[in-house]
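The same subunit A turns up in both complexes below, where it pairs with subunit B and then with subunit C.
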Partner chain A sequence: MAKFLRVDMSAKQAKFEEVSDKYLTLGGRALTSQLVADEVPAVCDPLGPFNKLVIAPGLLSGTNAPSSGRLSVGGKSPLTGGIKEANAGGITSQKLANLDIKAVIIEGKPADKGFFLLKITPDGVEMLSADDLAGKGTYEVTAICRERYGDKVAVITIGPAGEMLMPSAGVSNNDSDGNSSRYAGRGGLGAVMGSKGLKAIVVDCPKTFDAPVKDPERFKAAAKKFAKILLDHPVCGQGLPSYGTNVLMNIINEAGTLPTRNFKFGRFDKAGEVSGEKLAEVATARGGKATHACHPGCVMRCSNVYPMPDGKVCAPIEYETAWCFGPNLEISDLDVVAKLNYICNDVGLDTIEAGCTLGVLMEAGVIPFGDGQAAIAALEEVAKGTPLGRIIGSGATNAGKVYGVTRVPAVKGQGIPAYDPRSCKGNGVTYATTPMGADHTAGYAVTANILKVGGFVDPTNKDGQVELSRNLQVATAAIDATGLCLFVAFAVLDNPEGLPTIVEMLNAQYGTELTVDDVAALGQNILKVERRFNLDAGFTKADDRLPEFFSTEELPPHNTKFDISDNDLDEVFNF
Partner chain B sequence: MAKFLRVDMSAKQAKFEEVSDKYLTLGGRALTSQLVADEVPAVCDPLGPFNKLVIAPGLLSGTNAPSSGRLSVGGKSPLTGGIKEANAGGITSQKLANLDIKAVIIEGKPADKGFFLLKITPDGVEMLSADDLAGKGTYEVTAICRERYGDKVAVITIGPAGEMLMPSAGVSNNDSDGNSSRYAGRGGLGAVMGSKGLKAIVVDCPKTFDAPVKDPERFKAAAKKFAKILLDHPVCGQGLPSYGTNVLMNIINEAGTLPTRNFKFGRFDKAGEVSGEKLAEVATARGGKATHACHPGCVMRCSNVYPMPDGKVCAPIEYETAWCFGPNLEISDLDVVAKLNYICNDVGLDTIEAGCTLGVLMEAGVIPFGDGQAAIAALEEVAKGTPLGRIIGSGATNAGKVYGVTRVPAVKGQGIPAYDPRSCKGNGVTYATTPMGADHTAGYAVTANILKVGGFVDPTNKDGQVELSRNLQVATAAIDATGLCLFVAFAVLDNPEGLPTIVEMLNAQYGTELTVDDVAALGQNILKVERRFNLDAGFTKADDRLPEFFSTEELPPHNTKFDISDNDLDEVFNF
Partner chain C sequence: MRIEVRVFSGLEKFLPNKSFGEPLPVELPEGGTIRDLLLKIGIPKDHVFTILVDGKHRSFDYTVRDGERISLFPPVGGG
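Let's look at the complex of A and B:
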């Protein structure tokens, strides 16, 4: 029977409890956001005893629905001060689902210092001291846990950044190879986990695809159909499996919306040096992999394995990470990008936030633009907890305040990702208005703006962007509830059979009679719940805005500004 | 004829302009807040081109009304993100008023780097390069300007903290002795001035008490009467003139509401070592002064001159500064307190914010509590602009985020001053609700809570605190418009002739027919204007709250928590 695992870190006790009807048909982001809204006071201190960390597999996770292994992590964000759901690939979601655990709810706060490890197996739950793991990076912690508990376990952990309560610390979990590099990175949930005194969660479950399904035959047919829908789409079936997400580098650069030198320019003349094509070439030559699945059963395999000159492996280098440490800092050395990525993975820091923060420090003149070695040296300060390391770990907005920088690319305290809002205006609407703080995944308008997936909306023109972002935000929230990777959206947007097939899988699994309209309603409801939380936490329309410089500075080469009016932005959530 | 001096720092031009009727009967805080509300977009970047810095003498400044030389400085605060009025003593207010300048409005932002000096004389205005002054501390800048332009000039300046755009940088001006130690300290307006490229404003005017008055005889009689009202009151006529504001140290300690060790305790066993009595003893023995007027014509003379062992002079050491560097840090060496105070004055940092920030760093374990030399060493990093110095300059809230500290005494991003809200609950209401961010001067309930001035309201009981704070906030806003020192309130609260006499002075000066009720209406209107700005800037009820720990941790020795409900707090502004 589906259950919650409630972990009280004040008493160091964990117990299973029945799932009430209200939560039975929720999963992933729908479940984490609903639980946070129901149980966390919106005005509480994100690092205090009243915040909770909620970890939930998606509705379809743990079945053989293709690409359905996303894990949602939720709580009140120390970075944004609002509600947060960050999701990740990796093998944890499937294991939790196969243990029939709908969510792990971590609450309270230990009175003393010290760190703990929560071990979840089919036999039950144990709370162990993790003082021997404290201070260690995520790679080492994961390796130790796999050695101690078996190499099939999933390890959720935080690095020193999370232990030090840094507002941009993430929560990692591992892929099948044991790499602790699948991150619920955004919004500082690693610091929330750190504030609870929880260093790691080990999930041991031998099964991967055996989560309960009411009608297995019907499910199998739908899952097979969905796999074909994905493989038939040019992005899901060809682009992503060839070069991974970093296939976008040249495309976004060509489109003139690649933020370069801290959002000063829209093109970087050396973008090719850090592109997916280049990455595939180098990785393959060094014995790595140009393509790789972040969790079993993914047909898109957009991940990669990049061997670094020092013998270590960075897996994967995502487009947004290649961007934030590459063009954003005017760095064109892929090995430097990989090194910065690896440091973040190990210390437990969100790469996008770290990249935006380094961009702000370069804007402030603390480090020169383009100086990869200086960027590496600065990022290495994070693990040491030096004042500079602390500033970097605090994120772009805080770093901007510390250094008096006005050109800070962030919304609601969270750094803006790899698509400039002035020439990919649909994404600009999403950055401004999503309850998550600037987040490209929350309503990925790059689809219609640049990739011409799901139609075409001129990226430099303000017309149609609000509607585009609205529809995508609603759809995304629903997808984030299913545990499906967001990238299925490419196929779903273009193939009218996509969404009905997802609904068919859900109905086969849960014995429900959902319609396509119900899925849209689910997405709307998630957004309403999240926005209500943020409203209670003190957010207003003034928080649904981009930084000033996007509307005063033109972005070359299109020389456009962000010109969507406040009134139009306020129409995004008109439902 | 009354005029505005409008200074466009984009074009480096300054011009006088006529004052429209709307602003003719406004002054001080009433004028700065109204101008900021009318001219500054509430959502703008505080350090960007759309913010303005407004400097205005009070309505009575420049006359011989006693203690009427307060200067108001306003703008959007980089520390709180809301509207800000910070006011200071010193000789500038009287000089501006005698030039018949109702306000200096500094706007725009230079495209290039470099600093400027604005020189205002009876003959006109000049904009001069100040690159030779850049990087210098306020003491040196003031000395150079007095040497260059005559030792009677008033010098408004910022230190390196303001140049470096630190969110807790203040705006200094000098006293009659040339000490650049009279600070419009709170809320980071020094950074706003720095963002405009303005290092200093020199005001040269030979007159001090000759501002235009419509009915001089009537005014003279009222002013004389008001002086007697002040001198007859035990606080204004005896307490303050004997030991200055630091007479409060032993009183507040005895009352058990002296925040000690970053608001952990309400009493400090060594409070006497940093008290006003001790200060007077040491200062006098070293040839300093136990009492001193911050501007000509003050009858309360609550300032002091403290010679330091290194031969320099710190003038004055106020109670709140002695507290924030003393009990707040568990430091009991008055010379250390003086040194920390002096460093702040010179680098151009608000002392209260710096003290709260050092408290947060001690809470984080970066510096040990009680270690004066470590505190001095840390504060000396500010002028160097090192990462630690930058963190200190960013204020308590930002430092708390950088170090993951939950016990951060601040509201709306501004550090809480020297009276613990758990056992001086009227002040707690003020801290929570004033549009200024935590500010003891905005509604100083210490009067009725502790000093039994204007009645008595039990400081540990929640009853009556909302009404007390409301009345004081309204009265304070009005007093801040007049240019009168807030300390006249002690006498005004106890003497029924006080307020009518202020009204009589205003009517004699301006030919108006104001009543006592009009003054209350003025106070209410100022608060409404300020709250409207904050609302537009994105503030909500959630911002009118104290930090979580004040309602979860009891404060010894009274062992009380802050227990005034959210609903009651929301009733403060019920007019």
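Let's look at the complex of A and C:
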């Protein structure tokens, strides 16, 4: 019987409860956003007792549907002040689903100081003191938990950044090798977890692919078909497994929309040095891996294992991270990028936000552009909780205010990722309008703008971008509910069999009679719920805008500005 | 006319002694297209998915002009 695990951190009690009908067919982002909208007052303090942290596996997680082990973490964001769903790979989602736990809802706030660990096993739930883990980085916490509770456990944890309630702290969980690098990174949910006094959640479940399925034969056939659809697509079947997501570095650079020197230029002459091709070369030469799966059952395997000169490994280095610490800061040394990435993973900070914030500090002249060692030294301040460290952990918008910087790439307080909105305008629309704050995954228009997947819409022209972003935002919300990795979208956008096969898997698993149209309606509904929350939290149209400099400064080499009108932006959610 | 070609993400295997992103100067007669260019440098057309000319998406039939920067990619994606 599907259940919720409700954890009251005021009373330090946890109990299972039945899932009411309303939530039975929801999962992942659909479930976290609905629960947050239903149970969290929109005007509450994100770090106060009324906010909740909701952790939910996707609808298909824990089955043998390929690449379906994505985890959604939701709550009210301390960074944006709006609703947040942050999505992570790693092995936790499959374990929760195999325990038939639809969501873990963490609420309340302890009156006293101190940290706790929640242990979830097939036998029940235990709340243990975690004072011995407090102050430790996520890698060490994960290693200690795997030693104590077995090397197969999943560990959700926060680093010192989350304990210190920094607004851009993330929530980590581990891959099969125990790397605490799979982050529900964006929007500061690590601080929400920290505010609840929860240092870690250990999930122990011996099964990976045995979540309840109503019609196993039908499901198996659909899952097999879906795996073939993924493997037959050139991006999902060949591109991602060869170089990982960082294969994007060169094409975004050549397309002239790689944000360089805090969004000053669209090309970086040394982009190749931090690209996926280079990464694969170095990783392989040092005995690492150019491809790797973030959870068992992923067929696209976009992850990698990068051995660093100090003997540690950074796994993976994603494109967005390589960008934010590379071209964004005019740094061209992959070892420096790896080190900055590792520090973020360990201290528990969202990499994109940290990179955007370092860009703002460089813009302010606090540290010089291109100075990798200075960037490392600055990021190391975070764990120490010094004033500079806290400024870095507070995100780009806050850092901009502290240092009087007006060129701050952020929307709704969240840093803009690795595609400049002036020459990849579809993504600009998504950054401006998604309820999440600037988020590339929320409506990844790079597909049609640059990669020629799902059609082609000229990235430098404003025509067609609103519609493109709208359709992608709806589809993405639905995919985020399924627990499928968003990268399945490359195949689903190009193959008309893709979406019906996802629907077939859902119907076989849940005994439902969903149609393709219902899936679009689900996506729309998720967005409506999220928008409503933000409205109630005080957001207005003015929050659906890009920073001013994108419409006043031209981006070379195409010399573009962001020129999509306010009226057009307000049309994105016209459904 | 002379153009500058860069190949990425595995296409470099067709160009001996070139690594990804390394500029390759190519002489092409006036009126030459991307198709002609691929024939000349020996990259099979069906391996090329995205063609960027000075950062703009172009087709195989695009007529190349002197001094252009041409970047060739197989299917790639990420995010």
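Quick notes
Rule of thumb we're sticking to: the second predicted complex is superposed on the first by the 575 of 575 C-alpha atoms of A that agree within 3 Å, B and C clash if a C-alpha of one lies under 4 Å from a C-alpha of the other, contacts with A are read in each partner's own complex, and residues count from 1 in each chain.
In this section, a contact is a pair of C-beta atoms (placed from the backbone, for glycine too) under 8 Å apart; a residue touches a chain by one contact, two chains touch by 3 or more.
Treat the numbers as computed from the prediction; the structure is a model and nothing was measured.
In the superposition on chain A, contact is made by A:H558 with subunit C only, not with subunit B. Judged by the touch definition given at the top, the superposed model places A:N304 against neither subunit B nor subunit C. Judged by the touch definition given at the top, the superposed model places A:Q473 against neither subunit B nor subunit C.
In the superposed model, A:T482 makes contact with neither subunit B nor subunit C. When the two complexes are overlaid on their common chain A, residue A:P167 makes contact with subunit B while staying clear of subunit C. Once both structures are placed on chain A, no subunit A residue is touched by subunit B and, in the other complex, by subunit C. Within the complex formed with subunit C, the residues of subunit A that make contact are 234-236, 238-240, 242-248, 250-251, 254-256, 266-267, 272, 275-277, 302, 318-320, 423, 440-441, 444, 446-447, 450-453, 456, 458, 460, 486-487, 490, 557-558.
Contacts from subunit C toward subunit A in the complex involve residues 6, 8-10, 20-21, 49-50, 52, 54-57, 71, 73-79.
In the complex of the two chains, the subunit B residues touching subunit A come out as 42-45, 47-50, 78, 164-167, 191, 194-195, 386-388, 390-391, 393-394, 398, 401-404, 406, 535-543, 545, 547-549.
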